[in-house]
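Below, chain A partners chain B and then partners chain C, in two separate complexes.
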Partner chain A sequence: MRAFLLALTISLLASSANADDPQLIIKDHKFQPERLEVPAGVKFRLMVRNNDPTAEEFESFQLNREKVVPPGKEIPVFLGPLDRGEYPFFGDFHQDTAKGVIVAK
Partner chain B sequence: MLASLLIVFREMLEAGLVVGIVMAATEGLAGRTLAILGGIGGGVSGAALVAGFADVIAEAAEGVGQELFTAGILLAAVAMLTFHTTWMSRHGRKLASEIKDFGRAAVKGDKSLFALAAVVGLAVMREGSEVVLFLYGIAASSHESVGAMFAGGLIGLVLAAAVSYALYRGLLAIPMRHLFSVTNGMIALLAAGMAGQAAAVLAGADVIPSWGERLWNTSFILPDGSWLGRALHALIGYSAAPSGVQVAAYLAALALIVALARLAPDEKPKPKTASPLAETKVAAQG
Partner chain C sequence: MPLYQRAGRWILGSGVALVLVALAVPARADIGELYVYSPVLDGAGIAEIEYRGARTFDSDPTRDNQQSQKMSFGYGITDWWFVEAYGELARDPGPGNSTHFDGTEWESIFQLTEPGEYWANLGLIAEYERVANRKTDSDELEFGPLVEHDFGPTTMDLNLVLVRQLGPAISEPGVSIAYRWETRWRLYPQFQPAIEAFGDFGPVSHFSPGAQQQLIGPGFAGKFRLGFLPGDLGYDIGYLFGLTPSSPSGTAKIILEYEFPL
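And then the complex of A and B:
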């Protein structure tokens, strides 16, 4: 039980916001930055923040992720470990403008 | 208009395929149209509710509330579908022969009908909530007129319903005595796909281990984003680059459903009644 609580505490601490998490910001239905470099071979947490007044959905087929980002909110997307390469993503609700690519190096 | 048409069609196609299979699987059951319509209605209300609470759900559980919620919906649907296949493997043959003898829409299968109506509701709710968020976003930013948006959405919905109906009619071309075996098989694959997807979503949120981020990658043959990829994803759980735990959950669910269906004792079809007298005897027994 104690070990469990300890593990829980650690995992909760680990999941609280972290300054060095890579971040994407949605503004005017575009991602900033549109090209985001991340380290290959490690797990990381991508924070996606939506500064638009309407919802967006972060989606990537290559990364196998889709997640709604409500207006004014920031949500975590857990990724990796990724092989070196490029992983395109898009905003499902504004596919003509919201496009980007994650580059794992 | 085209944007809302495409997104509504895309999201509703998946729910529509589920509805098509469920319609074929409930062929001949009394009250099934009402039950399925009830499922769709409940799903639409649920979708509006989920969209309304999108920010609450998104921020719950340290930001993985959405994944937990989606996985919960998927697993509930898997449970309902498992119940249906087990029930059908026990009653299916009898049901098929009764439908042949007494005509369609005359046979009772209340429990199974309820389970499938719930599956329809869950599918519509899951896919529909995204449509609501999207359409609300367009209406709020109003780059295009609300009228054009709704027209596009309506066309998308009609197209998805048409695919759903085509699948249903196609399945009905199967002779009655084989129909429920086919729909049972399709429902087993549907359930396995949903179980795999639930596992993928949970692994994506780092709630469970992924057992390998991608076991293989067939996106150069059939990408997830293509129309065929999407349809197969909805029907049999196709995923171009599945994680280990996704494949494991898929196989485990499939094995469980097949095992339960095999274990369920088969109810033999009633012998054809030769005379009115024999028929009253059967009725009196029942």
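And then the complex of A and C:
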């Protein structure tokens, strides 16, 4: 039982955003920041938070990711290890304004 | 993902599996199922209208001109649970047959892991098919794991499906095993070549390689924005060659999907 509770605690803590996780904020149908630098060659978790009152979809063909971000919610997007380079992403529901790029260095 | 959520998904999926095993499913050649599922879902609030069509070609009239046409509506209930309902028109192979309403299907897909979180993305599919004529055809229950892995610019998907027939007109008692496999090259969003394979091993208790249907062939998939409408229009076309004497020489398929936020 103790082992289960320990595993549960670790899992709950692990599922929360860490300060080290790169983060994107959606506000007024734009990503902030629009250019996000991340380390190349390592796996990481990108946290995408939607501060708008409507849903958005984080999408990137280059990163092979497509996920709805409900209004007022935050989702994890597991990425990497990435080669050095630029990886464009966009908000599928507001493609005119919601654009950005992840730069792996 | 919190442990309790992950445990909840496994419990829900396993519960469905236990029900299916208890009721028991054998695989039947179903050209309406020439679709490889991904365990990765787009999320809550995404709706889908889909058309699936398929037709066989064979010099043997008993295997020629089998047809299936399905229309469906699906919806993302949560970011890890997608449901879809189908209606199917079908034509049996052979001369003189006509297209008829074949039945309805109810399907759930559960996403168990976040994309990229582990070496493979995992999910489950559970489906119940209710046929229109239970005197000559049987209902079916399907359940199985969905596995996906990215190899550089390619994505490999494997579906393993346990099938059990239900009803008074069972042709294959017991549980059958079928598989669906695809490796797709993510070349452009609008154009992604693929190799696909579909097979039906038949009842586990009566393993008969000569009676199995095995299909393999090229496919092409992609999606486009419609501009004046929200969402994307996707396509998935292919031509599959039969590998066993029981398989039709060729099977053409076309799938059109319109996905949009609802």
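Here are some notes:
By our rule, the second predicted complex is superposed on the first by the 90 of 105 C-alpha atoms of A that agree within 3 Å, B and C clash if a C-alpha of one lies under 4 Å from a C-alpha of the other, contacts with A are read in each partner's own complex, and residues count from 1 in each chain.
Here is the rule we use: a residue touches a chain if its C-beta (ideal position, glycine included) is under 8 Å from a C-beta of that chain, and two chains touch if they have at least 3 such contacts.
Here the structure is a predicted model, which is why all the values come from computation and not from measurement.
Of the two partner chains placed by superposition, A:97 touches none, neither chain B nor chain C.
In the superposition on chain A, A:81 makes contact with chain B only, not with chain C.
Of the two partner chains, both chain B and chain C are touched by A:67. In the superposition on chain A, the residues of chain A contacted by chain B and by chain C overlap at 12, 15, 43, 55, 57, 61, 64-65, 67-70, 75-78, 80, 92-93, 95. Across the complex, chain C meets chain A through its residues 1-4, 6, 40, 42-46, 76, 79, 114-117, 150, 155, 186, 189, 225, 230, 232, 261.
Across the complex, chain A meets chain B through its residues 12, 15-16, 43, 53-57, 61-62, 64-65, 67-73, 75-78, 80-82, 92-93, 95-96. Chain B makes touch with chain A in their complex at residues 3, 7, 54-55, 58-59, 62-64, 66-67, 130, 133-134, 136-138, 140-141, 200, 204-206, 213-214, 219, 223-225, 239-241, 243. Chain A makes touch with chain C in their complex at residues 7-8, 11-12, 15, 43, 55, 57, 61, 64-70, 75-80, 92-93, 95.
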